[in-house]
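Two complexes come next, and they have one chain in common, chain A, joined by chain B in the first and chain C in the second.
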Partner chain A sequence: MSFITIDFALFVTAVLLVYYIFPKKTRWTVLLIASYIFYGITGITNLIYILVTTVSAFICAMLIGKQGTKQKEYLKEHKESLTKEEKKSYKAGIKKKQKLILAAGLLINFGILVYLKYADWTIAYINLFRLSRFGRTDFIPFRNFILPLGISFYTFQTMGYLIDIYYGKYEHERNPFKFALFVSFFPQIVQGPISRFGELAPELFAEKDFDFTRIKSGFYRIMWGLFKKLVIADRLAGYVSGTIAQRDTYRGPYILLAVFFYSMQIYGDFSGGIDVALGVAEMFGITLHENFERPFFSKSISEYWQRWHMTLGTWFKDYIFYPLSLNKGIIRLGKTVREHGMEKIGKRIPIYIPMFIVWFTTGMWHGSQNRYVVWGLFNFLFIVLGTELEPLSQKIVLKLRLDEGGVLMRSYRVIKTFWLMSFLRIFDISKDVPSAFNAFKLIFKDWGSFRIERVFDELSLPFEDFTVAVTAIVIMFVFDLIQRRGSVRKRIFRLPVPAQWAILSLLVIAVSVFGYYGPGYDAASFIYGAF
Partner chain B sequence: METVISILKGVHPEVDYETETGLIDKRIFDSFDVVNIVGELMDEFDIEITAEHMVPENFNSARAIYDLVRSLEEE
Partner chain C sequence: MRAREWIKKTVSVVFKIILTVFLVITLNRIFLPKYVNENQDGRITQEYYRYAKDTDVIFAGSSTVHSGIDPRVLFDEQGISAYLRANASQTMWISYYMIEDAIRCHKPELVCIDMTFIKYGDDFVEEPSTRKALDGMRMSLSKINCIKASMGEDEKMADYIMPLFRFHSRWKELTLDDFRYAYYNKPVTVKGYLPDDEVESAEEGELVYTREGDTSISPKNIYYLRKAIELCEKNGIQVMLFKVPAHSSNWSRDYDEQISAIAAEYGVSYINFDDLNDDIGLDYSTDTPDGGSHLNANGAVKFSSYLGDCIKKDYKVSDRRR
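Up next, the complex of A and B:
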């Protein structure tokens, strides 16, 4: 059931009614049942996958928690009799057991994800190897798995919880049904945000009063999300894919425009979907973590990644980057290199090696194709270059007497970051790595042959649609800029009631009239739903 | 405290660690420095520093770093 369907709207309305009729104490059970119905509709087999993740993570967390309790009680009981060394050795024994349980949990869950996501990718390489090495043409057949909806998102969220329990960040959840809701909460299962247990659990289980302002606020946010998705993203999709597919005919500015529009498309699509998710949750009185913070206004690639898909970025930072970076082995390697006279390289090892792994994994997370891996590694390369060239950049700024905090320099950095990130997305819209490089080269060709009429007449973006898309993009950025000074909705709610209704009506009309409903009025699926 | 300061001096000898309270906020330490300092601290005091400890408040001054080490030693 896609977010962009009447079915979904009816489903949410029905769940809201039942939710607020139920006593406050038991409202979370309504959400649990609704989440399982929502997920069950996507396919009964999908329920098996999410149940495996829920049950295995619940049991592993419980076992890890029990070891922690056992340790606390033992140390309390033998507080006086144990030496410091004995305490340490006891703790080390417990930690080892906890590590084994954690490893089992991670292996089961990431094992399922990796198997479903990368089986065919691996088979393709095995077949290629067998053919080139032994001339064998009896290819291993592809498995053609269909990924269960949101499996990457709920697996990451649940494994984050397990790792947090291992580090003793909070107590494990003792109620399996409450835990099941944490894993399956329906607004966020399609494409995130990836929540942390410490943040989401209090939201899910707090006994909140019915608050009409939150219903209204949630509805505004849903409509804003639909505006970004239906008016901008879906309208541009045809031009972007059409131009890239016919890049030998439409070169130079056509491709450059496709690159620009794809950035708008993916931002409208993904952040729009997140707006819907956060808006729906808000109607239930639940605040989810923000996933975007005006990323196109970032002044560097590192900053961009702190503002785009924020919950995935912090997931990678907390659960992959830091554990690797603070790993004693990697730190010792850095130290050894430093002691051998290579101070600068040694100092960078505990940062750059984990960063390389993070970007490789981020690329793989986006899809089981080489182009995503290359995309990830280019991000890594650009971040390293940005960091290493920063002193030189500062020197140039000083020499030219430019004002680093001034409008000129800030605009330069924002535009540079925007285009670097947009160019990297060519890997996203091309079918493979060579096509992406080819498309990039073609941007520089045939500039003289550009005719804007061909965009309107030949590339699925008639003049009216072009005008609507550009106007909507401008509106989106204006609102982004206003939002910098605080919540736009809070400002709207301070206006007189008729003005509030007028704005909401305008938004609903804009979505209804200018929304791009595609052939057969079937809105395109969310791009990130496939990850 | 002396051991902490001597580790910090090994990275940035020019800083007055008795008075400086903006090691991160003033960008005296970059991320490379912090990770390398954390490595030294883990080795020296046999403690485990994890992602949740990697916040500016824990590294803005020698005193804050010392407090972090003490709290982890007591765990």
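Up next, the complex of A and C:
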């Protein structure tokens, strides 16, 4: 059930009604049932996957927790009789057991994810290897798995929980049904945000009163999300894919425009979807973590990644980057390099090796194709270059007597970051790595042949749609700018009621009229064909 | 004080609801194609309500009806007040709900159901035709059921209830007419009749039916035909089954036999007017706009005159001239 269907709107309305009719204490059960219905609609087999994740993570967390309790009780009981060494050894034994349980949990769940997502990718490489090495043409058939809805999101969220339990960040959840809701909460299961148990659980299980303002606020947010998704993203999709597919015909500015529009499309699509998720959750009185913070106003790539898909970024940082940075092997390697006279490189090893792994994994997470891995590694490269060249950049700024905090420099950095990230997205819209490089090369060709009429007439973006898209993009940026000074919705709610009503009506009309959805209307097809 | 606040709040909520409903209805009306200057068959369903209370005979069927029967002739010659609830490519299930909807508004004396379209199977779906037939229908359970029975797999009920969802992309081509006719319904049909002055002669020679393959009437067609007859019976309305005359080979005697059997079962009559072309006086070199599939205005006058006689002879229908 997609977020942008009437069915979803009806579903949410029905769940809201039941949710607020139920006593406060038991409202979370409504969400659990609704989440399973929502997920079940996507396919009964998908339910098996989410159940495996839920049950396995619940059991592993419980076992890890039990080991912790056992340790506490044992140490308390033998407080006097045990020596320091014995206590240490006992603790190490417990930690080892907990580590084993954690490894089992991670293996099961990431195993499922990796198997479903990368089986065909691996098979393709095995086949290639067999062919080139042994000339074998009896290819292993592809599995063609259909990924269960949101498996990457709920697996990451649940494994984050398991790791947190291992590190003793909080107590494990004792109620399996409450835990099942944490894994499956329906507004966020499709595309995130990836929540942390410590943040989400209190929101899900707190007893909250009905608050009309929250319903209204959630509705505004949903409509704003739909505006970004339907008016901007979906309208631009045809131009972007059409131009990239015909890049030999439409070169230079056509591709550059496609690159720009794709940035708008992906932002509108993804952040719009997140707005819907957050808006729906808000209607239930649940605050989810923000996932975007005006990323196109970032002044560096590092900053950009702190403001784009924030919950995934922090997940990688907390569960991959930091543990790897503190990994004894990597620290030792850095030390060894430093001892061999390479002080600067040695210092960077505990940062860049984990960062490399993070970006490789981020690439893989985005898709099981080489172009995503290359995209991830380019991100890594740009971040490294940005960091390493910063002193040089500072020198230039000083020499040219530019004001680092001034509008000019800030704008330069924002524009530079925006275009660097936009160019990297060519890997996202191209079918493979060579095509992406080819598209990038073609940006610089045939600038003289550009005719805006061809955009309107030949590339699925007629003049009227072009105008709507550009206007909507401007509105989106203005909105982002206003948002820097605080919540736009709170500002709206301070306005007189008729003004609030007018803004909401305009938003609803904009979405329902200018939204790019449905089969379209062709008057000619309505002319009777005279059967 | 509290009571005053409560009243204020209630008035405000009611006002907001009324304003929202008005806005939604207006938007839907603006975006719905007006079918005034083109595709005028899309107005047939809507214009019925203007005449409902004075209609004694309902004709249900497809384009052959709305191009082949002239209600003015029926009235002038026999005093019959008729309306053609017949849209392009109108299936039997739509015809059934057209009759049900008509009875809901005003009980007619006679319902005449054209069989021309019964030859198409259960899977027949033509979205533009369904939309033209249903967009003008007033909201009722009949409409909901009709949508359910008619829409294709890719269509959604919501698109019929809120036409804005279906026609929103017309924002690029909205004209003054879309605003002018949002609430004002200028009649463009003659009680459902759309005269066609074109002439395109049919091939000369005797009419021979050549439809091949499976010529059994599909279960859904039979179901709704029976349902229509039973509905009329239940309401004490006379029923006539007929086939508008045409010079088209796209028919089979098997259909006639199956229809006749059903008609006999219920004690109603069925006439295939193709068999009476000579009696009617139709000349397919001048009386058809498309080589014989439909009748043009000339043919409609001839057929309506003959049909009026038949109705007057066999059914009790009021003479509205008196």
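The working rule: the second predicted complex is superposed on the first by the 517 of 531 C-alpha atoms of A that agree within 3 Å, B and C clash if a C-alpha of one lies under 4 Å from a C-alpha of the other, contacts with A are read in each partner's own complex, and residues count from 1 in each chain.
Everything below uses one rule, namely that a residue touches a chain if its C-beta (ideal position, glycine included) is under 8 Å from a C-beta of that chain, and two chains touch if they have at least 3 such contacts.
In this text, all values refer to a predicted model and were calculated from it rather than measured experimentally.
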Chain B versus chain C as contact partner of A:350, first or second or both or neither: first
Chain B versus chain C as contact partner of A:294, first or second or both or neither: neither
Touching partner for A:216 - first (chain B), second (chain C), both, neither: neither
Chain B versus chain C as contact partner of A:323, first or second or both or neither: first
Broader residue contact with chain A after superposition on the shared chain, chain B or chain C: C
Partner chain(s) touched by A:97 [first = chain B, second = chain C, both, neither]: neither
First (chain B), second (chain C), both or neither touched by A:505: second
Touched partner set for A:464, first chain B, second chain C, both or neither: second
Residues of chain A that lie at the interface with chain B and also at the interface with chain C: none
Touching residues (chain side chain A, partner chain C) in the complex: 6, 462, 464, 497, 501, 505, 509, 512-515, 517-521, 523, 525-531
Residues on chain B engaged by chain A in the complex (per definition of touch): 31-33, 35-36, 38-39, 42-43, 49-52, 54
Of all residues in chain A, those that touch chain B in their complex: 167, 169, 317-319, 321-323, 325-326, 328, 331-332, 334-335, 347-348, 350-351
Of all residues in chain C, those that touch chain A in their complex: 12, 16, 19-20, 23, 27, 31, 33, 38-39, 41-42, 62-63, 88-89, 117, 120, 126, 128-129, 131-132, 154, 156, 158-159, 164-173, 290, 293-294
